[in-house]
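Below, chain A partners chain B and then partners chain C, in two separate complexes.
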Partner chain A sequence: MKKDPKDQLSNYEYQFIGKPVPRHDAWDKVFGRTKYADDFDMPGMLFGKVLRSSYPAAKILSIDTSGAEKMPGVAAVLTAKDVPNNETVTRFGQTHQVGGFEGLYRVLADKKVRFMGEAVALVAAETEEIAEEALARIKVEYEQLPGVFDPLEAMNPDAYQVGEGDSNIICNYQVRKGDVKEGFSRSHVVVENTYRVPFVEHAFLEPESGIAWIDDSEIITIRVSTQVIEHFRDVADVLGIPHNKVRVIAPMVGGGFGSKEDITVETFLALLTWKTGKPVKMTWTREGSIISSSKRHPYVMKYKTGATRDGKLMAMEAQLISDAGAHVYLSPWVLLYSTVDATGPYDIPNVKVDSYTVLTNNTFTSANRGFGAPQVCFAYESQMDELARRLSLSPLEIRKRNYLRKGDALATGRVLEYGVETEKTAIKALEALGEPSMPSSPTEKIGQGLASGMMSYGRMTFLHDTSRSYVGIELDGSVTVRCGVQDIGGGQASSLASIAAEILGVPMEEIKVFIGDTALTPIAGTTTATRMLYMSGNATLKAATEVKKSLLPKAAEMLEASPEDLVFRDKKVFVRGAPARAIPLADVVKACAADGVQLYNVAQFNAPFRELIDFKTGQGQVFPDFTFGSHAVEVAVDTETGKVRVLKLVACYDVGQAINPLSAEGQIEGGALYGLGYALTEEVILDKGITLTPSFSEYLVPTSVDAPHVKTIMLESRDGAGPFGAKGIGEPSCNSIAPAVANAVANAIGARILDLPLTPEKILRSLQKL
Partner chain B sequence: MRKLINVTINGVEYELGVKPNLTLLDLLRYEVGLTGTKKGCETGECGACTVILDGKPVTSCLVLAVQANGKKILTIEGLEKDGNLHPIQQAFVDKGAIQCGFCTSGMILSAKHLLEQNPSPSEAEIRKSISGNLCRCTGYQKIVQAIISVPGRTEK
Partner chain C sequence: MIEAEYVAPSNLGELFKSIEGRAERVKFVAGCTNVLPDLRAQNPAPMLLVDLTGIEELRRIEENNGVISIGSLATMTELAASEIIRTHGPILASAARALGNPLTRNRATIGGNIADASPAADTAPPLLALEATIHTEGASHAKREIPVEEFFIGPNQTVLNQGELITRITFPIPKDPSASSHIKFGLRNAMAISVVSVAVVLEMQGNLCHRARIALGSVAPKPIRAYLTEKELEGRKITEEVLESCAEVVKKEISPITDIRASAQYREHVTGVLLKRALWQAAREGENSTNGNI
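Our next item is the complex of A and B:
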């Protein structure tokens, strides 16, 4: 399975891969020219608005829209009865009709509302002001219901039923390996704790937005800020029209972090344009976004971990309960990630995991950078430090005695067949952290912390994930890539340019990558699951290699050399070792065109296809591969105020092969701060279903003065499943920050805090000063 | 009822009839068509809509268009000269300070104002000057490094 990069490049030094170069989309962005979703208008367009529920749990007794409909300038008022297929059971983002899970997606609330902010009615009007006024004139009569807001309560058989089923528990997985009873009996130390992590807001800077119109061939076209253009299928199903009558275009996205993986404005826009025949634009306010879009799952995690006197892990038992909020969405998938990752990157002979995701009347939860991995990482890495403390071992030593290595199996039986460099990442991160600083005041205590983590890249293998890419070479030697990726800021498009440039020897600026259009670019799947480089990078590599292969015979003939001796570089083809024997690439292309040689290739890359795992034992393969890494941090805790300052932060990851080190480093730095917000300040607070943090004044995203300097160390094992041996880094980069900070705080103050975020209040409580 | 205002945007004079409740942000984006200024929160918290108004950075979502009457406005579109990048724009490109790009316009304008006021800011001064501009992608590090690297900045 392991790819040797030499196979692809005949042992020739890379020209573009691994070189820090500006991203090809950077120029338009600094000029302010990039047209994001809300930057695009259509003549005669209407403005769409959403009426949201006033209660987290209530019966809808009646909806009277007549007052709104009568208003001049109002073009449409829609409620659930106007939606052809309001309650579709969709398989989000899947390209194959496989899988055991279904995400229930309801376009508009019908009969019952399940969370505060749920969409109840839609309006399209000539101006935003008229649309706003029309919303105020829709009369909805509610009968309030008690609701349930705590997932543990919601698990009771007699709890309030959030949905229409007879249980709030959506799904349950189990992992069974060995015999935990036996494992604990052979442990000298057993640590038991219950950890809690909060709701988190994605806080991308670009609110949900899009515009829809019906084009001149009756196609409903939606230009939308999304991570998944393949929702065109879901939109078509909602309208009850053929899939090929809906087109979705994704412009550059102003941040996604998972929340634009689910449908946001697409179905609303499609319905309004379909009803009115006119273009309709909809952009959510920040408050609308925070109260109605998905959140990261809060978890309650009971962990029991046992080890021998010399620190060898013997058994781990975990119960994971996640709050799915009011609708299913991706909760079962997120829970599966947590379940598989529950042991962390450790070899444990006896494992028992029971996980549940539960409906409540809170805001729904779904994908958020890390997709269930950071929650359990906080728990298992806190446990490791507690074991180390009890055994008087260093945090590094206990981990070294238990890290999984290449060829080892996870508790789910999956053997790790690609690079596993976790130990190296931990050693290097700690080395770079150095000696502890001196406190800057008598009330300040310094602490250092380490945490390692693993997170998959690539989607779950039972989804049978595929991607495709078109690479074509033009008569002047410039290159066109067409690939249906969504670029959410991670350089998803630019990395494809790097790959094509490397294979065809054409400078980056002469490669044009067309992305994100279901009508014009080959379907490449979702920009989620840290899969884009792995999947579409491999597809592009394959297509570019095929194009090169098709040019080789002619080039060899023209240079009177053997094809295997030819090098493509700087838009020239030359004989290896004799760069003077060169001809312009354009001449080769023209000669090939004259001979009728195919100048393009559309390649498909298939991830490993596996069947669903056994939900009672957890045995089977769920992911193609994992990215491993470690964070080391140093904090200063003020014992008078409870304030934590992060003084040093080191992130060390094995990225396999950095395609563009500038971009990969950017992911690691950004991921570190994303995780730091999780550790210290970020929490969406809900009081009986009502969001108390609906703006950036209450929801505290780290600013530039909160951000420490991040030292990034990238290891390159060249042993990943991606192109040139790359692994994925987007999501894994935020995984182990929170536990590293928690471990550092525990090291500083001698008390462990089990709940995120680590607010001054919690720290003072743990110091018994409150 | 519309009010007549005169504004100079990126050196071009405009005479515009605007509603009294129109924000400067919406004027720029939807009336003048300068969409490089971004709308992220409309409550002055994210800084994505930062423009320079008579030499000072403002969050244009909190300024009414009528308040800009008789004033000069600089937006991201006014920074390039004859298609050439301003040195701060070039630094952002070179240092990889751009990911999704949604905060970029506001960041660059905040940085421009800083460097005009203080040609040799320390890292702490740079971080403070952009602390009203949220970025969710980069962790701010490459943005800070880009501003540090702008030619003409002298080490303190």
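Our next item is the complex of A and C:
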């Protein structure tokens, strides 16, 4: 089934693929010309605001909106009773419903509130100030309930029930391979630790925002910052109108990182515009966003890993418990990623994994760059270094003795059929890290750390993922691509232009990519799961290749050559080996048009379709493929204050084939810094459901002066499932950085910290200075 | 909703005229880096916003007869760049450079930083160590000169009356030979509220510390002077042993709290560490400036 990437193009060198070109949208962003969601106004528009719960757990006894309704300038005040279908059950997968783990959601809270950020009422008013004041005049009577805030406590059968079901445990998976008892008995060293990772905020620059209006054919149109335009169906279901009466448009998105995968403002906007008949805009404040939007899952991870004297892994047992917060959302799938990735990129003969995700009255958790992979990577890579230390092996050596290789099977039985270059990435990352620096003072300790990781790209195969793309060639030889991708800043649109340019031999600036519009672009699925290049890249490649094929016979006739000998390049068609024999591409197109040849193609790309795996043994295929790589880090630890400075940071990942190396490097650098915040400073702190870090003054994202130089090394195995052998890099790029930092700190101070982030205080405690 | 009347006087005469009889409703604004976020969060009563940014006389940084005078509208960027401050109050320039980010530093003023009276106010420890005086003017031109150690009362509380304006801040140029040092410790390298900050000014006599002024931020309800520690140091040579005893004494003078940034216990520990470093740095600086006579 795997194609030789060279077959996709005849044997000439790529002209655009793999060439560093500035993205077509870069200057617009630099000069502030890009119109993000909040930059778009309409005459007569209203401003929407959300009233959020005052308690993390409470019964709603009554809501009195009369004070707000009476205010001049208030156009609508909505509560649960005004929503046609307030209760929805979210299933998973846009095209294929797999059932299980269905979550009950209410657009607006009714009966019971489950967390502090829960929406209780909506207001639309002529100004933001009036809307804000109207919220203050809505009187909600609550009866406070005890709530539960610790997932381990919530697992208890007699714990407070967060939802309306009979258990807080949403789901449980198991992986069973071999016999771990036997494996541990044959191990010379067994390392056992419990790791904890915190809630994390996505911290995109652009908070949730959108504007909705009813167009002149009665279509509810929502222009919104989203990773998923296909939520148009969910919005239509809430309103009780046909799906084709709702249109969602995604402009350039100012960062998503997973939090714009779930619905944010869309339904609220649709309800308010539907009720008032007027355009309505809604943009959340940073504080509103941090309090009410999804977070990365905190995990408690018990790991037990055994190895022989030579460092060969014999057994691994893991128990993973994630805090789903107040609603199910994507927690079961995040947990499944963690469960499949729990062994890391290692071949282990005996494996036992038990994983749980549990409801609490904390802010809900859902997708966040890495989707469950970085949590377990922190645990398994910390374990590897602990084993190495006990066995007096180098961190690289123990890993080399255990890395999975192409053709090996994961603990879930899935055979890795594409490139696996983990070992090479680790060697190269360490080489680039070089010799340790000298400490700058007697109280400073220098440490180096390595971590490798694996993470899937492409959605889970039982979701039967598909994407579509339109490629058309105009009479002047310029090219139009229409594809329903959401561009969240990773160059999703630009990479499609590169692919079409390569196949049709048309310069990048003559390719126009239309994106993100459910009415005008073929549906391409979500910009999540590191799937966009893999899925829509392949669809675009397929469509462009079909267009080229339809032009070939006419071109061959015009050039009096055989179709196999033709080369499309520089908006011309050449005969291979005879560069003088060329005709303008536009002439071929015009001749084809005259003959009635179809000048466009809409292609669909289907990922491999599989069925649900066995959740009791974990056996089966969950993902199309994985991206492998390593991070190497050098830190200086101030042993008197506990402060960590990152001196060097090397990221080495196998990207398969960089479509645009500048974009791929941008992803790898961004991923490194994203992971660096996770390692050192970022934590959403909740006290009994109340967020204590609601702004960027308390929630500490690394600033430019905290960022070390990131050295990026891109390996190109050309052996991925994406176009031209590409693999996905968006999420995997942040995977192994936190454990690399933790390993470097442990190397520096001789003590291991099991909880992220590695704050100065934790470091001093581990040095027993506090 | 913020309801406010707005006036923008161009000199102090105009200012006091415009607020006459309405002093209790006055909110002075300049850089707005604290005021705007606070107002948005508080839903305040209607007020009179007095924009100070047009009053040129409040901007000057100058030296007169051994006294440095800083207009209350001087921004952090201006303080950090000022030759006068860098020469005669380098610890104040250092604190100004450590505040917020470039955008904030371009707007935030020294008057605002002091009037806001955060226990973590970045410019407070240097001003305390420099024994600065806060000059104010209130209704009917009543002027006061308040020593900075009497200026702060508690978190976000000062001795300022309603409608009383900080006009300038002065400090005497420290006597030669002197040395100073400033350390801000935050959880990241910019845009951080300090976990602990330390400023010291030492007057040296030969190799002895003749006089010490030590100030601390974020370890008490207000920025404080560490008088006991100063006594511990004065008249002694700066040795490892003396530094250790200072680090012990200072713990008795502070009353740190536990918050999301750090625990009280951590702050106590790090105060000792930073104090030792600041004193050591200052002593070494003194050593260099007096050609190794210490």
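Just so it is clear, the second predicted complex is superposed on the first by the 762 of 770 C-alpha atoms of A that agree within 3 Å, B and C clash if a C-alpha of one lies under 4 Å from a C-alpha of the other, contacts with A are read in each partner's own complex, and residues count from 1 in each chain.
Simple rule for what comes next: a residue touches a chain if its C-beta (ideal position, glycine included) is under 8 Å from a C-beta of that chain, and two chains touch if they have at least 3 such contacts.
Computed from a predicted structure; not experimentally measured.
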Partner chain(s) touched by A:254 [first = chain B, second = chain C, both, neither]: first
Touching partner for A:132 - first (chain B), second (chain C), both, neither: second
Partner chain(s) touched by A:697 [first = chain B, second = chain C, both, neither]: both
Chain B versus chain C as contact partner of A:705, first or second or both or neither: both
Touched partner set for A:36, first chain B, second chain C, both or neither: first
Residue contacts on chain A - larger count, chain B or chain C: B
Chain B versus chain C as contact partner of A:641, first or second or both or neither: second
Touched partner set for A:764, first chain B, second chain C, both or neither: second
First, second, both or neither for A:475, with chain B first and chain C second: neither
On chain A, positions contacted by chain B and by chain C: 696-697, 703-705
Interfacial residue positions of chain B with respect to chain A in the complex: 29-30, 34-43, 45-46, 48, 75-77, 80, 85, 89-90, 92-96, 98-105, 108, 126-128, 130-144
Chain C-touching residues of chain A, taken from the complex the two chains share: 129-130, 132-133, 136, 640-641, 643, 681, 685, 692-693, 696-698, 700, 702-706, 759-761, 764, 769-770
For the chain A and chain B complex, residues of the former touching the latter: 20, 22-23, 25-36, 38-39, 41, 202-207, 252-255, 257, 283, 285-286, 488-491, 662-663, 665-666, 669-674, 695-697, 701, 703-705, 707, 709-710
Residue numbers on chain C that touch chain A, as the complex places them: 1-2, 43, 101, 185, 187-193, 260, 262-263, 265-266, 269-270, 273-274
